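Both of the next two complexes hold chain A, though its partner changes from chain B to chain C.
Now for the complex of A and B:
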């Protein structure tokens, strides 16, 4: 039987129709669509067993617990640790990008030495030798950005044994509060028992956006027993959620606190201060309602209402702080402490509490002693000719995150030998002679003892969750090694031993404290407090010229240590950054006054520098105030942060505070000119 | 179109009054779902933000001005506009749980679904995903990596749903009756103020079922009839009023 034309066509068509009734064409189409998307340059997932490891976030002083999720040996995500007493399962955007920062392009991959302006790789042995040679018999200073870790204790103890008292922390409210508390003859570290308060009045400090242990603040807010009231110049995350927002001019939170004190004193409230009569008379005569109203922009009636509400509450708490976490003075803190004393809430449930201290390195000063010293004062001394041979910088970026960084740079150039222990290639590391990278905090042992702002003593430790990816060395271990070379004995052979000793000093051990943080309810009783009246004078000073600047710190813009992280790039809003320009925020009223237009380019001129920005008109800012974000304008790091916007630290102006001798920059004023 | 009724309906109630706009949900989402970081994030037409936090304003001048933050995941609509327009059945709502699926290998990138979605919850990969050298080692095993040319969106971390069901089966429990916190997306889990509550809207024992019935609860563009499974909650009338296109004489829901 032959195959004729008709038969052939029938066979073909029949066959074609027939295959449609089989899964073959559908399977093929599906496979083609999959194959055509299997592009070799797109990474494939690497499967493995899933596990979790507890850790501790060291990206800010907040001390949040993390739960690092791993696949095989690879950490993949940093999630919340529900068992951690502070963060209770919450994480901020910075902490949430912790794992990815292991591979941030800006990471320093090994020890580097500057040679004629270029960095060359060296070995760790060579590095230890260079450091030892340059420290022997020299005048050394150190700057640390880790305000609650034992690494700072090791560094401070080492310096002391070298005969130097020049150990400094990066400036923060932790430091200023300690200074104010010491001036008042208080003992221990101040904290706020927000969890048990039924009326929290926050003056200045943006506690739900960036101030202090922010995730713990957010947790305390979420489970609040009563009201939260916030007084600050800008509607940020705190103002958006609290029960009431009150606009107050930037840096005037201390005056507002004394305004409240005025009414409390009028009600007959008293505080157990040695010089109470003097303080009372001073406030009643100087901080009258009209003075306070003029300074703060808050009406007398509102201030009185605040005082009445505080008195009505059973466990009120007044938290004073700088709206961007730094730059305030002893004045603000002493005023804030005084309100709490008048309310009788010191060391009461839900009030202002004094927490114990701890240290295990014998030679190291107590944290409260270290916090008395100001790095900006030190820079002044260096500028005036104080001889310093070397500077060690740990977890700090002073060339970016101090007011007027250009001047800081000039002063630091006078110090011939500078070492940065930075994990990332930041502005300061670039200006140092040696970069001896510390491992990322997920690659090392680290700890946090009672972060500033919390209401209980707490100690958390984290063991490494991954082997170091690059040639890095834990800084305290390196210091112990150099100490050994110099014949200086800190009493410990490794950092792990220091942590072990610290855990034991608290009656626990390293293993259990790594699994679950140690907490206690110890509050320090105070003997006799006093308040030097001259501190209270600061609030009466006349303001300079220009418009008030309200810097805004938000964790999604990075912070003073960590530049905008790769995952935070898309979180930044379109009215905060456009390509290379960052925005200042003003309301319509202020814009009209200053003749500013939406998107117009302007120059902010401060006492020591200027920066360029665009204008966004928004009603989130109070009258006669310019709000602007901190965190932009990096000149180092990597493509995710470098060259985006301008650095607001350039226009902050530093003043010396009378009475405390501190440097303050929370009342910066700027001139705005069209660029 | 006939909508499928599910026994289990996963949903969220987002308390706007608790959201501080910190952005932790947005970062957690990127890490969980293998979204590649971008060097420039200021052109919001190019960014991939399955979860996006908007800033709301009551429109009044200072000092009457008020501000709120609104996190926006995929609404997982009961009657989705996106799946009905997909020519290649790359997005469907047909699985128990009521999550709108997105099947990347099937997607032909026509972007009809993006045009149809009234919530701007869908995103198009204009570029191949690119991680800085080494960062691909942090890729999660939860979600496959998408090439350029396909549309993607929030899936309520569907892989976590699968893990939870698997775990329940392993423990001899009913995977269709998961307890409150057995399955929770990354954004809801990480939220520091607990603004995002997640659970089964059809299970009266879950918090979301009760919260969704509150007089302060509302959904975005409710009257379009998309029946979203994401509810918002705010005691502030002006916030609820922005949830829909009200005519001047109309009362806001919950008033």
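Now for the complex of A and C:
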């Protein structure tokens, strides 16, 4: 008998009914639902023993000790190390991204060489050979963004042995303060003993958001013994938090300091300066209350009150610095130092202190010597024809974070061989011939010796907390390897040995200092200080045309080294960035004067460039000032940073400071036109 | 007409029974792939021959979390070098200890990440209430992997957890297991 159509259909029906009495439909439905929850892109938890490893944050010069929480071998989060003097358990938004940055898409995954405009992967052996061949007998310069690590010492020592003095740090207040201090014949590195002060007057420096050892500053503020007063143009994180905010025009903090000096001198205060008489007469005649009021926007009565409050305090401290951490001149620093000298707080508890230096690479200059040199001046020299064959860039991004980066790019194009040791694919790395990625700082040995701004000598070292994820190599180790190839002896076979020697030079050892930072209370006595009066003239110069620009640095938007992190994208506020436009901030008065409307699109025109922004009207900025954030407008990195807003560095204008020869850009002015 | 009727019942029955055979007999075989552990680990050698106790390797950490299967580093406390004749041990030392890699053990009861199972809360039960009794095995049991979901055949389903909780008077609130 055959199976007819009817029979076949009943067979299928029987099969279907039968299937309902089996696990097939139910199990399949269940499994498919589970399958649909297991897409490969869904992150999986890491299981293993939880542990904590001490480390050190190298995302800014703040030098915070970290406590990296691990599950098994994998770090999962970074918190402040409770036992570290600069973090005391705290961490800033940037530092809290430390672990996530291990996996940032912009990480460079191995050594790369540019070939006809495209990068190709090469081996580390090949990289070392190319570098050695290009350095031999050539004129080499180096730029470092690590102002307190021994990696810079290795690089500077190496350059010196190659016969070059062209080692530079990225600009910061650390350099300017050193330059001013040296002009005053001071010794050592300046610092502020905020912890023991009972009246801290902060002129400009946004110490609770972005300036210096931010977390330590916050801790000192949290346990303050008296008042913290802030003078600056914008209600920054510091201004909004401290006991009092006094609006002052951008870059006029030095003038305010001299205004205070005027009243202190009138009260009969003196400072042990060789040329004290000259200085006193100069200030009393030139920085009269009316001049100071016109320049700073602070009334004479307020300045006088500041002077009186400082005198009343038993341990006052005046901290001066650029609003955005760079671009200030010797003028501001010398003026700030002078107030402290008149108050008699130098090397006193709670005052301005001079800290010792340290180095272990014999050929390397002292940090105070390296800090005298300006990369911007070097760029001028190159532009004017100075022959330089090669540039080594370590942890620095000058093509983004120097004033007028387009011009910087043009000048650097004159240098035929450029190497970037960046961990991330930043603007500078993209313009180099070789990218030889340094490991992320959690993957390498690194250190920080007395970060600028602290009040005591501190040495911290971190051992790696994770094996390198990509094919990276510690830059100082690579330099030692190349030095070896070139027959140049820096006296150490590995970077770990350098750190060991540094720890020993401080009377400790690598293991102890990795577990707990070394600290000392050594302050350097000063014998004969002076203050060249020419430096004080800067504050009297007439301002140019345009509106004052107050750049604002905020760690959560990234900094000069690190672009906006994936972690922090969500905390960018709607009045900081919307779609592709970033915002400038002006108050209602200024908006009316400049005919600006909320959300209106404008162009900021500086001396060397322009950028596009939208307007936010807010009373957190003083009259006649435009505040704008640094950190936007990246053209490299990854989707988290690229193409968001514009780069404010483009509109900063650089001037040469008389008396010190320094380049300054904290008094930039811009024109605002509707876009 | 009668002839026509028998023609309907028989194919129905054949289809019905066939589906039962496929559903109960063939389907489970097709659904799971059989896998062997990457290393033929012998519990017997460790327990019987070496006299080791379960909790020498399967420990609770100080914070009360369960360490599960020991890491390569922990195994290497004894097996830094090959100690015996077993080729499985040699393979382990060569491929995992020397290479500093973790063994991708197949976990018979692996729960998804959204389940927070606390071993210490269940420590009064015998391990074999949930796990296969591997303590005396020389070769680990075959691991059946669900080809669709990717989970082990023995991964406990939620209804099983809930039933046991209900029978033992433990809460079945969501947050007890899902944090």
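Just so we're on the same page, the second predicted complex is superposed on the first by the 634 of 675 C-alpha atoms of A that agree within 3 Å, B and C clash if a C-alpha of one lies under 4 Å from a C-alpha of the other, contacts with A are read in each partner's own complex, and residues count from 1 in each chain.
Following the convention adopted for this analysis, contacts are C-beta pairs under 8 Å (C-beta built on N, C-alpha and C of every residue); 3 or more make two chains touch, one makes a residue touch a chain.
All values reported here derive from a predicted model rather than from experimental measurement.
With both structures placed on the common chain, the touch criterion links A:110 to neither chain B nor chain C.
When both complexes are overlaid on chain A, the residue A:28 reaches chain C alone and has no touch with chain B.
Within the superposed three-chain model, A:532 lies out of touch with both chain B and chain C [touch as defined at top]. Legend: residue contacts after superposition of the two complexes on their common chain; A:289 is shown touching neither chain B nor chain C.
When the two complexes are overlaid on their common chain A, residue A:600 makes contact with neither chain B nor chain C. Between chain B and chain C, the partner in contact with more residues of chain A is B. Using the contact criterion defined above for the overlaid structures, shared-chain residue A:45 touches chain B and also reaches chain C. Judged by the touch definition given at the top, the superposed model places A:464 against neither chain B nor chain C.
Applying the stated contact rule after C-alpha superposition, one finds that A:6 touches chain C and leaves chain B untouched.
Residue contacts after overlaying the shared chain place A:37 against chain B and chain C alike. Taken together, the two complexes place residues 30, 34, 37, 44-45, 47-48, 50 of chain A in contact with chain B and also with chain C.
By the touch criterion stated above, chain A contacts chain C in their complex at residues 1, 3-4, 6-8, 10-19, 21-24, 27-28, 30-32, 34-35, 37-38, 44-45, 47-50, 72. Within the complex, the chain C residues that touch chain A are 4, 7-20, 22-24, 27-28, 31, 61, 63, 65, 67-68, 71, 112-113, 146, 148-151. Contacts from chain B toward chain A in the complex involve residues 17-24, 26-28, 30-32, 34, 37-42, 44, 47-49, 53, 55, 57, 60-63, 65-69, 104-106, 128-129, 131-141, 144-145, 147, 150, 186, 189-195. Chain A contributes residues 30, 33-34, 37, 39, 41-48, 50, 69, 71, 74-80, 87, 89-93, 95-97, 99-100, 102-105, 208-209, 214-215, 218-219, 221-222, 235, 237-241, 247, 469, 554-556, 565-574, 577-579, 587-589, 618-623, 638-640 to its touches with chain B in the complex.
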